[in-house]
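Structures are listed in the sections that come next.
Look at the two complexes coming up: chain A is in both, with chain B in one and chain C in the other.
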Partner chain A sequence: MNRVRPAIWIARVILGLAAAMAIVPVLWTFLNAFKNRVDIVTPAPVFIFTPTLDNFIYVLGRESVLQGLINSVIVSGASVLIGALFGLPTAYAVARHPSRLTGEIQFFVLSLRFLPPVAVAIPLMVIWLDAGLYDTQLSLITTYSLLTISTTVWLGIPAFQRVPKEVEEAATVDGYGPYAVFFKVALPIASRSLIGALAFSFVLVWNEFLIALMLTTSDAKTLPIVASELTQLGRDVPWGILNASVILLSLPPLLFIGVLSGFLNSIVKKTNG
Partner chain B sequence: MRAKNNYLAATFITPTMLVLAVLAFVPTIYAINISLQDRELSGSDANYVGLSNFIQLFSDRRFLNAAFVSLKWELVTVSATMIIAVLLAIMMFEALSPRLRNALSLVFLMPVLLPRVSAAYVWKFAFHPLFGLATYPYKALTGQPLDLLSNPNTALATVALVDAWQWALFFAVIIVKLLETLPPQPFEAAKLDHARTWEIYAYVAIPMLKAPLISLTFVKMIESLRAFDLIYVMTRGGPGITTETLDMYAFSQGFIESGKISYASSMAVLMMIVTTVAFTILWKRVRT
Partner chain C sequence: MAKISCSNLKKSYGSVEIVRDFNLEVDDHEFVVFLGPSGCGKSTILRMIAGLEDISGGTVAIGGAVVNDLLPRDRNVAMVFQNYALYPHMSVFDNIAFGLRRMKVSTAEIDRRVQDVSAILGLGPYLLRHPTQLSGGQQQRVAIARAMIKTPQVFLFDEPLSNLDAKLRNHMRVEIARLHKRLETTTIYVTHDQLEAMTLGDRIVLLNGGVIEQVGTPAEIYERPRTLFVAGFIGTPNMNLISVTISDGGDRWRATSGALSFAFVRERFDLKDGQKAVLGVRPSNFVEAAPSATDNVVEGTVDLVEYMGDAALLDVAPRSGSSDARQIAVLVEAHRSPRPGAAIRLTFDEGDVHLFDERTGLSLLKPRSN
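This part shows the complex of A and B:
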């Protein structure tokens, strides 16, 4: 017992440092977003300063940022919706009716993730150019649907497997048809885990960068692309503005942290117990 | 009853599989088609040139460099993520109460939720040689600025650190939750046998978690292929070509430098073949 004590304290110190590493750089970016340029470009870090909202006012006042925000919301929302529409029924069917093909379907859905994004983006650029749909929300939504559908199927299967079979059998005895069982029994019972799965696919699409970079030039640019372009405003890097746009871009995924943490708990419990 | 259920399975599965197949195979076939031509971004007329793009790749030193950088990236990020994640998870499990563990889990989840672009900027600020928070101690002690991202020897490792920052902390959360689901009896038995703490983990806990740990490694290998965002923001492949991975090189060939779409596409096709074959073999091996 005596020998263990110091080891535990060392472990606690290391964990504390890891927690600081997780938080401090982000917190620093957050603070810098409220600083004037003179407080950022300093030889030593400044912790006490007069906060300003100028950076956020500038960022939110730019038309490109507002347009990027609208594009990101529409594109992410629509592709997550399409992902749910196609993905959830399939996940349910695969979870409930295991067959010879189940393993193959799961592998096929996962293998879509093996495709390097460049490999998809280059031909898609040519396809959308030829179709006259290059740089539109529609082309991005279609492209992202591959991502959202496969993610929803992959994460939805374990969620539906956790629904007790007995409940569904009882519903069948009560005269529910197979579709009614899906809509009125399985879907509501699994809804908490399913929301986690959908949140996950939202975060994936919201954060996506390479495909959006290649498939848009002006009209359909999403927020990550707009944010990345702010660095190229010449030699005099507008640090405050850049920090503010990074914070703005990161807020929506961080709002889901609670949902995703709960989702993680339920998935892990399933796979190991 | 059975027939009705099979009917449901068919109507629920078939349309989705068709949509996925169209969305995945059309670009793939298109990519192969373009890679056999000499198409450029500026002109729309193109001729079929057979496999010459592919043959050219193997005498392109920049391509070979990019393949090597990608391989290094894959090895470094996957092993760093798994080692750090396992160590942190064990420390969390041993040294913290369940409540503290849950609180720390939320903190550790934050980096992976950040868009890669944001994570890249956050650390680019932190590593800024003049105004960065992470480089400040070095500057204060030595009086010299520390520019890790422009040094060919440290640039790739610095970007890899950001990748591990996002993924290792995330995986630590998953692994600690997996440890919590393990039955306590084998731990107690090992303690009765006077096993040291590290022995309990090395010979009891980790072997019990072998299957999920292999799955996590597999997932990380796939996700490590998506290095582009970090590298694009932090170094653009520089200094020189020391951090230029395959996707970065394909992107700059196709879009920035020369607009050689067909050449870039042949690179992408090659990557696609290698990753699909390698991961399929790995997956089948792991699962059987």
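This part shows the complex of A and C:
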């Protein structure tokens, strides 16, 4: 017994340190977002201060931020939707009709992600400039759809493969055609994993920086680009504003994942409780 | 209700033939069991009848109409799968009603029919639950209800009980038998369990390697196995099979294997002098020989006694000069079981003996003359 106790305490300390490493920066950012500049730059960290919403008001008050937010929501939402629309049926077809090429298809889809983004971004920039669509939401959505489709296909294939074949056959014997089997049986059964795939591709696109930087200059700028520009406001780094924009930027994906996991829980409850 | 006829049915994947020239007529109301070891093609044939598997050659007809190119929905069949294959995202009620919904049956009618079917199968209290909340036996009952509700012409069962534990399997077997008695729907039932086949089937189709070994009533198959494979496959414990050489013993045929010697009346078998054959006797057909008996006597020592409750299985080492003599299994009533090491004298009724040609594996019994 006496030898176990120190081991438990050491484990707890390590666990506590690891948790602190994860939580403290987030907490610190959150606190700093509500501080005046004076409270942030003091040599001794301040925990008790008069909170202010100025930072948020400043960030949200800037037209570029609002425009960036709208762009980000439209671009991410649309490309995830397109990714689902094309990716899910593709993944289903590959999962259900394995052939000689199944392995190659999966590898090819993944290989789109092997190239460094810069190598992709420069040709794309030329293409969109020539097409006269540079710096538009359309060009960003189209480009991001390549990412979301490949991600959805890649993650969707195993999800559909886990749907028992017999269940689909039962639906066939019950009289349903291939489309009804896909929508009424395969899709709902695989939904849990598929929602994860969609959430992943959303976050991927939401956080994307380099391609957005190269494909936009003003009109179609997404939130990460706008946020990065806030650092260039002057010689004095506006820490409060930066922190506030970090918090604001993190909220939509959190909300999105929150909604998704709520949706997930409701499905789990339906099947287990 | 409908007849099913398969003629020259074939299935091959590339150059691999799974089913070769399968011919079978299933009568209206009949309960036919496909029995065989795994990989014998029994499930493949069932799936071809259901329309889940392409037919490589030959025809399947249900109710007189060839259905080769029809979708499963147009064949009027219902199927129960080995792993139940329930829709995990639907309640029991929706699982049962799913097929009717496609047929645009009115809600009231669906309600009524689901209530009817679930009453028959005792599913009433579970209609709002999800499949994961049910036991294996209940899940299989839902699967049967889902098949029943469409009032199909044909029921197809693909090893429906093999995922259940032994006790539940017996119970469900009885329920399926009772259900068939009540509905009289033409049924094909696939299993590898001979007990299920013997108890449920009006007729058994015994398959091996994609070919029919024998078709017959359970009694025919048990009493007059057509081939060595059938003899070895049917019956628990397994039939004793002894390689023998046939000789003409004047008024009787003689069969010898080492020191063992047997003799039979000439009328029963179609034999030739010097023929190599396999002699089969079921463990339960052995009886203790009277001291005066001389023919068809096996003398030996009891090696092992397996106590099974009301019966005991003896492993007897025959006393013989040759070393290749195989152990003989003998089934006796448990309370009459000798102790291991005891000497034993066994015999059997001539009428219980089976003989098979060693080369072709075919039974050498003369056809029954009525």
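Simple rule for what comes next: the second predicted complex is superposed on the first by the 245 of 273 C-alpha atoms of A that agree within 3 Å, B and C clash if a C-alpha of one lies under 4 Å from a C-alpha of the other, contacts with A are read in each partner's own complex, and residues count from 1 in each chain.
Please note the rule applied: contacts are C-beta pairs under 8 Å (C-beta built on N, C-alpha and C of every residue); 3 or more make two chains touch, one makes a residue touch a chain.
Values in this document were obtained by computation on a predicted structure and should not be read as measured data.
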item: Superposed partners chain B and chain C on chain A - clash or fit; value: fit
item: Partner chain in contact with A:V38 - chain B first, chain C second, else both or neither; value: neither
item: Which superposed partner A:I23 touches (first chain B, second chain C, both, neither); value: first
item: Touching partner for A:L53 - first (chain B), second (chain C), both, neither; value: neither
item: Touching partner for A:E169 - first (chain B), second (chain C), both, neither; value: second
item: When both partners are placed on the shared chain, which of chain B and chain C touches more of chain A; value: B
item: Partner chain in contact with A:I149 - chain B first, chain C second, else both or neither; value: first
item: Partner chain(s) touched by A:N243 [first = chain B, second = chain C, both, neither]; value: first
item: Which superposed partner A:A131 touches (first chain B, second chain C, both, neither); value: neither
item: Partner chain in contact with A:P188 - chain B first, chain C second, else both or neither; value: second
item: Minimal inter-chain CA distance - chain C and chain B, angstrom; value: 6
item: Contact residues of chain A, present in both the chain B and the chain C interface; value: 172, 177, 271-272
item: Chain A partner contacts - residues on chain C that touch it in the complex; value: 50-52, 71-73, 77-79, 81-83, 85-89, 98-99, 102-103, 130, 132-133, 143, 146, 150
item: Sites on chain A touched by chain C in the complex; value: 164, 166-167, 169-177, 180, 185, 188-189, 191, 267, 270-272
item: Chain A - residues contacting chain B, complex; value: 4, 7-9, 11-12, 14-15, 18-19, 21-26, 28-29, 32, 40-45, 86-87, 89-90, 92-94, 96-97, 99, 105, 107-120, 122-127, 142-143, 145-146, 149-150, 153, 172, 177-179, 182, 203, 206-207, 209-210, 213-214, 224, 227-228, 231, 239, 242-243, 246, 249-250, 253-254, 256-258, 260-261, 264-265, 268-269, 271-273
item: Residues on chain B engaged by chain A in the complex (per definition of touch); value: 1, 4-9, 11-13, 15-17, 19-20, 23-24, 26-28, 30-31, 33-34, 39, 88, 91-92, 94-96, 104-111, 113-118, 121-123, 125-126, 130-131, 133-134, 136, 140, 165, 169, 173-174, 177-178, 181-182, 197, 212, 222, 225-226, 228-229, 232-233, 246-247, 250-251, 254-255, 261, 264-265, 267-269, 271-272, 275-276, 279-280, 283
